[in-house]
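Across the two complexes that follow, subunit A remains constant while its partner is subunit B and subsequently subunit C.
Right, the complex of A and B next:
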């Protein structure tokens, strides 16, 4: 199977007052139809800039794509004209953002905003577009869609707005959805609803999802392939089970250990010393070496930046001190066989054993 | 409608002599004003009858989703927002009755750490002045002594004392939160309200701050009211946990007990909704329908009844006369009549001593 989207050594730079920064450095990633690929990392690691660069949504200047290719079905998006690119955005690739309040226009009704994209991409009449929009709201589980279409964003709650964003993004049946922190601003019970909805819609439409998040729980339950980003590079890439069972990169390892988990009552949390480096002054060599406890003082780590190397059939890590194959065929990475959507139980569990005797029979 | 007095026996392991902070039936109602004459058209009952104790050197975790009133509880009990009812006792003294000058003295020992380390530090003040201001205001030290105190506080929270002359924008989120903690520590408090202290931070920084707060508690016997929405963080950090829903506590127990055997269907749903960092999840998930209702129009009876999976399941076994049809999130559901009509009291459940929950159905 060939990938739907192939990111090949993408590098992006920004010119700032303090100098040039490179928030995305030789990032390579393949996304196959129907697959969910997650990019995880802490703030400033470059995951959102990667996502925006795919759609060429970074402001240029100050931003600049330094090199690489982004192939959608073999067609390089980076070489398209702005006019051709507008055909891709919203139609082949749609995007939803973290903050549903700021990404919806407050002065237009929900209906106006959804139908605008539908009329543009599908060339249908106004009446048909409203019917498609109504169906789109219905698909994302919004009750009474006809009335809701006439409402404005401020009349809705955060969860409802995120549903509207999803409806809008999916109204033109995109093949790839880029979801940038789609549930970060939402409460856990609403987050569960939204992720459930995304999984359902993905199954029905065989849509691929690039999920950008910092939440390892969200990654574990939703992605098949995970790329871990640190200081503008992918430092580890693997199928989700491999990654969670055997993290190879010391940063990934540290990240997993420092997350408090339900039911884990140890007194102290593991930590990663220091802070994420400032992109204006990235450390030399491996960018993680000042915080790394694996090989303190190793000259190779200090001077030479490691590249991704294959450590087992579907696991890559960028560290000088992981055992791997001698010479690795690294890019582009093929993880197409990773398509196991894990079963997160959808039916409600039986709560009655909790109830008082009189309610149990 | 009368509500039975909540049982306030502390959970085992949490109990010691008198509590440091005693909150009883705390209420904070915000008026909704309408029209030209700002007529009061109703109230948002942000906090509606909350009771708990915080013991010296211990942590009470307060969890709930946005809008449940957890932040308002923290601010009301520090008298940063006027209360509409109830009482707060600090070391046996009624905090709502003490006159201003005395309140000011008491505030020394009660501090607060905020969620947003950007907006809670004055951008025009140096770090040294931010931390030194309370020291000066409360006349603890001045001049050189003050600077030494500031330096030792900075060292204690893991920052270089030379940072005292810098400004907040020069620091990262985690460092700013350390500054916020140093400021709270400046007056050697016995009680700190931590309002979502780590939710704005990255995971690797979050654990550093949690460990710091933990160490400080042990060193200085500080009591925390730890307000957060992240259930795993609260479990890790708290001795006792209270779960809030729409301005009320719906369940309270020792942390071990609450997480091992939650009794309230809302707590159960909340716990099941936390995504597990494990690709092969063990837990079954309950996906709640609908959203948290507005506190200006809370549902009748038990405020959780329109979303409650337990009442829904119990209604299937009950006599038709004991059930009632309701509309929730666009669907018609049948729930128990009692849940829709009467507010359940916070009562002892069949579990450990001190495990209370407000639910008609659960045992």
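Right, the complex of A and C next:
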């Protein structure tokens, strides 16, 4: 099986008044059909810019793609003309955003906004487009879609609007959905509903999802492959279970330590010392070294920036202090993990615990 | 129904879908004062249209016996506001003046809105050198004192022949004023719209529209322009008032309408008449301007309240 989307050493720069910053530095990632790949990291680590760059939506100028390739079915999106790119946007790759309250245009009914995308890509009449839009709303579980289509965004709650956004994104049957923090702005119960909805739709359509988030709980439940980003680079990449059980990079370890756990009786939550570095003045060497508890005065960390190496068969990490890093080969990252989804299992509760933890490589 | 569970998430809103425009219209209708002002403006519009009929110009050409006949409530309707130096009825003159005032106001305000909105939207959306060019243009225009620029333009354009799409017409009176006003007054709207578009283009729904595959033209037309329309409407109303007054000022200075009766010319004529105790020409023109300005200003305020995005609860 070949990947649907291959990101190969993508670098993006922004020219700011304080100088050039590089928020995305040689990021590589593969996404297979039906797979969910998560990008995790703190605010400002470059995960959203990566997502926007795939669709070439970063403002240019000041943004600029320095190098790399983004291959969709082997076709390099970065070399397409703007006109060809518009054919890809919405049709092959769709995107949903963090803020459902501002992602819909307040002056148009939601029907107008969904049919806009449908008519653009499917060449259907207005009437047919409305029927497709009605089906799309039905698919995302909105009751009475016919009436809802004529309503305006301000008549809906945040969760409803995010469903509308998903309906809009999926109305043209894209093969890849980029979800940029799709649930961050929603409360927890709505979060769970939206994520479950995305999982169901993904299963029905064999759609790939690139999930951008900083919520490790969301990652654990939804992703098959996880890339951890820190200061413009992917510092660790592995299958979700592997990563959660055996994090290799000190930053990933720090992230897990800083998640509150039920039944943990220690008084204070562990944090990662220091702050995210300013992209104008990234530290030399390993960008994490000023905050790292493994460094202990090591000059290598200070001077040499580690690149991703394959430290285990299914695990890549970029840290001089990972066991076996020095001997590990530099290989292209590629993981086709799929979570085994067993629709039957939900009807046979006894099998559920088994199904949940089963993976196929 | 799909396999996805439909969860009743919030109580279904009742009634008809409410578009922002319908909401604004409802808010406007609730205000008695705004409706009264709208009625006054409508009456002015009707009188203005009447000015285009041969009936009113026919009445105007009729001369009464005496010049400077004071207002008299008995007898002919034409004498209710007295007569001018040529023995023409001041009432008919003032009614006819509405035509000139509103023609100048509406066409110049449309021109100003078109220029200001187009330049503002393009500058704000595309940025870069286009933005710099527009900023340079409006900074230049606004650095010249407005009234002087307008007077200079009015002088320069006066009695010129203008060829447009095969039509040739002489710039006399109304077209001169319209051009002078329209070309100098778009700066304010351009600034506001540019600022608004700078804000709007960062909105997620614009990024979302791009992510769906829309081109720049479609985004400008469907997603940016409709969200600036409230600014354009308000600016249009307020410009209308300013332009009606500007016509008076220009005509008073002898730069405006010369070929037909207008409120400005009536006041210009009254300069000398006042010393002789002939107050009715001045009085009629002033009251006509005052009522229209008041109604339009208050309507503009009411529109601002009705269309203010902060009241729409969606910004």
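Heads up, the rule we're going with is that the second predicted complex is superposed on the first by the 328 of 361 C-alpha atoms of A that agree within 3 Å, B and C clash if a C-alpha of one lies under 4 Å from a C-alpha of the other, contacts with A are read in each partner's own complex, and residues count from 1 in each chain.
Convention: a residue touches a chain if its C-beta (ideal position, glycine included) is under 8 Å from a C-beta of that chain, and two chains touch if they have at least 3 such contacts.
Note that the structure is a prediction, hence the values are computed from the model and not measured.
Of the two partner chains, both subunit B and subunit C are touched by A:143.
By the touch criterion defined above, A:193 lies against subunit B and subunit C together after alignment on the C-alpha atoms of chain A. Once the two complexes are overlaid on the shared chain, A:89 sits against subunit C while remaining clear of subunit B. In the superposition on chain A, A:159 makes contact with both subunit B and subunit C.
Contact with subunit C, but none with subunit B, is seen for A:55 once the two complexes are overlaid on the shared chain.
Looking at the shared chain after the overlay, A:261 reaches subunit B, while subunit C stays out of its contact range. Touch criterion not met for A:323: it reaches neither subunit B nor subunit C. Counting contacts as defined above, subunit A residues 143-144, 157, 159-160, 190, 193 meet subunit B in one complex and subunit C in the other. Contact residues on subunit B toward subunit A in their complex (touch as defined above): 65-66, 172-175, 202-208, 210-211, 214, 229-233, 235-236, 256, 259, 263, 265, 268-281, 284-288, 291-292, 309-310, 313-314, 317-318, 329-331, 336, 361-363. In the complex of the two chains, the subunit C residues touching subunit A come out as 1-10, 12-13, 17-21, 128, 203-205, 207-215, 222-223, 226-227, 312-315. The touching residues of subunit A, when paired with subunit C in their complex, are 52, 55, 57, 61, 86-91, 94-95, 97-99, 102-109, 116-117, 120-121, 138-144, 147, 150-157, 159-160, 165, 168-169, 190, 193, 197, 200-201, 204. Residues of subunit A that touch subunit B in their complex: 42-43, 143-144, 157-160, 187-193, 195-196, 214-221, 240-241, 244, 254-256, 258-265, 267-272, 275-276, 342, 344-346, 348-352, 354-357, 359-361.
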